[in-house]
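Here come two complexes built around chain A, the first alongside chain B, the second alongside chain C.
Let's turn to the complex of A and B:
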């Protein structure tokens, strides 16, 4: 059974357990390092898109984007994606199917927290390999594209954290669906498909037809990727950035609440088959 | 030979029966197929709304590449990926021994162990796109493929399937050494995604890699060029020959790898 922290004592116990959880997460990331490198390499889409759009921009800029702007845009995309990536939906679906979720439920800590610790603990290793290269390339190839506004720079880390939380919470919500039916991964595929188009992963969102802009901005997807990237490159104004920040965190909170509800409902049906 | 054909029949029937159990998956796969194809078209649409011509390709011509990409993806996801993902699972659990014990060629056995017929929706989608692209080329007065061009394209399709299969066999052979390679398939799909763009977009080192090391160019751009009547015959011949050479190498590697295999004690 899931044990939610009920009083101060539980909360303190959870806080005490966190460093250990981080250490475990980091060790397991280290143990599966070859798998990690594969995951990192698999995030190559921004690079393919970079090649594609710069090839197109050779004959002249598209909207605000010339060769340099595209280069900076997709390198920033790569960085944000590496920092905010999560895979908890696969983990959950596998654990539910194989019944190993029971092990996680036995621990006196909310499973969402242990998933989060696993994910966050792996970030340093992910970052270690990919980030220096991407950040270096970004400064060399598109240094002058980066914003010089300190306020925007202050927003960047908060927006990246929010993007991670939003991705993670959405994955938790979709992963919790695995407790109800088998095809939760298909739902995630749907999310991923929409993400590709509407998050700015394949192209800067402003290049989409104007009629779509309102719909896209109301969806959660731009806040997962496009918003931190745009802020980093100074493509949006301060007021726009603040508004986006609010929407991003609202979405994150909303998905987290949804995930908690689905999880609690779904757990009643979980019978730990196998295990 | 007859025995192997009969065995293939049995395996196909088993897969078909399994697929019939999950009929709802058909609907899901069909919807997802359409959805993914459509989502893949969005950047292309945006691109060609800005330009008439990208890296030497017009909109319907680029669509030919996408249609070939979708078609091949259907083959990959329906006939190649499922069985070989199975093998990786077998290796990890140690149950591969049961297959190795059977008095037939192990590579044949594992390569035919699972088909997912519902994934054929992508093949249908690819053919639909192909028809649409050809119709657009016709209405703009472009070159329509003659029987020779179509024959070359079909040969290249065979070559592409052989290459895809060989790459997969190499990945599986790797699983004998490092065991945890289920996400290598993910890596491969993510690289294969680049094949939906005409290869002239890529330059320098990347162009070299995509032509010779991971021959995406050969798989989708060459057939499209053949249909447009723009592929030099020697390139087509080299591509097909290369594909079979690749398959030969993959077979050698598989045999070496399986020779080194020391069961996980299933």
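Let's turn to the complex of A and C:
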């Protein structure tokens, strides 16, 4: 019996393959249950920061943030971080170094799409494990801090999706550098260092020194975490939220374009080591 | 179906001597060597052919396969496979080929092989009915039923290799690149894999390109061979012709009904036309002689009439010896090194 593929361009074929890609990605994530739980629990920096800043705020609020505000802020940060984190740079570096990227390149689906499917497929599992606890805690301990504006709530999921895409695209771009340097983990470490400070992961961005605000706002980092969190907590106005949404998605598109260019150029140099 | 014209692939490889000082020096000033992995080779392969790529380690065989499958960009030259330029990695091209390598795998490590089959079905967009037929055929031919639902990491090497082959063929590629597919397999599993590859080629008229260091793979599967040495094509033709051109002599094994002493055997060998027979080994009732193809009839006829011959065997030189001779000649005849002198990028400026 002929196994000619069905009619349709590459895009349609890829779309047909996506449900299976997601299912396989989900199954792979389930394969090592203990490791997966540990990995989720390792994303605990917001909880550490919550304890630290609420202790600092015991004697009085810092800017707009008292104990309740810090609690709500860092629980929201935990939720957004669980939904938008990406490990693709590790995967890409390892595959380039070991030559196993070759197996991915042989398939008629762009590797970025298969990496994305792997990443997104794990989200339901993370959602099942970590999110109920974090969301429950947020509503219990900081529920009154959440925005009551339906427009801002409508922006929240779009901003989280944009944050995921921006993070993922940046990781793809950094991971693609492995085709030039054999390992791009040092570049990733630099990104991570800047992310910790400039994304709002360690503290609300408005608490940074005023001299840094211009630099921070010009960078992509606020849009991977702080922007969705601020929107969720009603700390931005509608116009600010819409403007930030536009900038966030522009950054996502920009990083994706950069990743595609780096990938294309890097593949010319790929040596497919290891037999 | 498949053509390569003046194909070249060079690598820049960083090299440094051992030691701490050398390591520190190389941090600031790196020296590079240009490795000519593939150095101007050209060939054409028709649809449905089975061709072996032979050569010593580092000859450029696997590099050639990787260029043909689109994994590597050539430095220069033209390559066409099934009408496509491999380096462009067109979706239709990737759906018509597969590379199976004994050293890497596409099977999902943590999941059973059946999941990889399903994944490939989806990625290659194989209609469900066709997938079921192909999968059932592969499972039967390769005896995979007991393996399908076990995590890949729990399978033995031979079991994984069989599953790899099946996964590679779910979409029935028209061109199969096999890079040492039987490496590490036991003898019976090697036979299974060889028979399967031949059967697949005959059934689907698939073009098969194979590299292997096991000569039994080559003998069983590929009637035509391309020999690559130091990135250069040194032979392209049938296996039989390669053997006859490189080692034209035949090996004749004689088992005697009564003991024959060495002196008598030497005299016999010397008396064959032009003294072209040579005694390779001798025991009282067993002798092995080598003789050119042209004198073989004479030797056999006279041996039967002059000795009490209980058994007789005539063979070509073992392929391993043929290739060892060929590679040794290649080394002896080499005029230029295959590695260019180290390049110091700063000095070049």
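Going forward, the second predicted complex is superposed on the first by the 265 of 275 C-alpha atoms of A that agree within 3 Å, B and C clash if a C-alpha of one lies under 4 Å from a C-alpha of the other, contacts with A are read in each partner's own complex, and residues count from 1 in each chain.
We adopt the following convention: a residue touches a chain if its C-beta (ideal position, glycine included) is under 8 Å from a C-beta of that chain, and two chains touch if they have at least 3 such contacts.
Note that the coordinates shown come from a computational prediction; the quantities given were computed from them, not determined experimentally.
> State whether A:183 touches chain B only (first), chain C only (second), both chains, or neither.
Touch status of A:183: first partner only.
> Contact-wise, after the overlay, does A:94 reach chain B, chain C, both or neither (first, second, both, neither)?
A:94 contacts neither chain B nor chain C.
> Which holds for A:56: it touches chain B only (first), chain C only (second), both, or neither?
first
> Let me test your reading of the model: by the given contact rule, A:120 touches which partner, first (chain B), second (chain C), both or neither?
After superposing on A, A:120 lies clear of both chain B and chain C.
> For A:250, decide between first (touching chain B), second (touching chain C), both and neither.
Neither: A:250 stays clear of chain B and chain C.
> Kindly classify A:158 by the partners it touches after superposition: chain B alone (first), chain C alone (second), both, or neither?
It touches nothing on chain B or chain C.
> Taking the superposition as given, does A:131 touch the first partner, chain B, the second, chain C, both, or neither?
Neither partner.
> Of the partners chain B and chain C, which touch A:258 in the superposed model: first, second, both, neither?
Neither partner.
> Determine where on chain A the residues touched by chain B overlap those touched by chain C, and list them.
On chain A, the residues that contact chain B in one structure and chain C in the other are 32.
> Please give the residue numbers of chain A that touch chain C in the complex, ascending.
Residues 1-3, 5-6, 8, 10, 13, 16-17, 19-21, 24, 27-28, 31-32, 99-100, 102-103, 105-109, 267-268, 270-272, 274-275 of chain A touch chain C in their complex.
> Which residues of chain B touch chain A in the complex?
Residues of chain B touching chain A: 25, 28, 32, 35-36, 39, 42-43, 46-47, 49-51, 54-55, 178, 180-181, 183-184, 186-187, 190-191, 193-194, 197, 201-203, 206.
> Inside the complex, what are the residues of chain C that reach chain A?
That would be residues 11, 62, 66, 69-73, 89, 91-92, 94-95, 97-99, 101-106, 108, 110-111, 115, 118-119, 121-127, 129-131, 133-134, 151, 170-172, 179-180 of chain C.
> For the complex, give me every residue of chain A touching chain B.
32, 34-35, 38-39, 41-45, 48-49, 51-52, 55-56, 59, 62, 183, 186, 189-190, 193-194, 196-197, 202-203, 207-209
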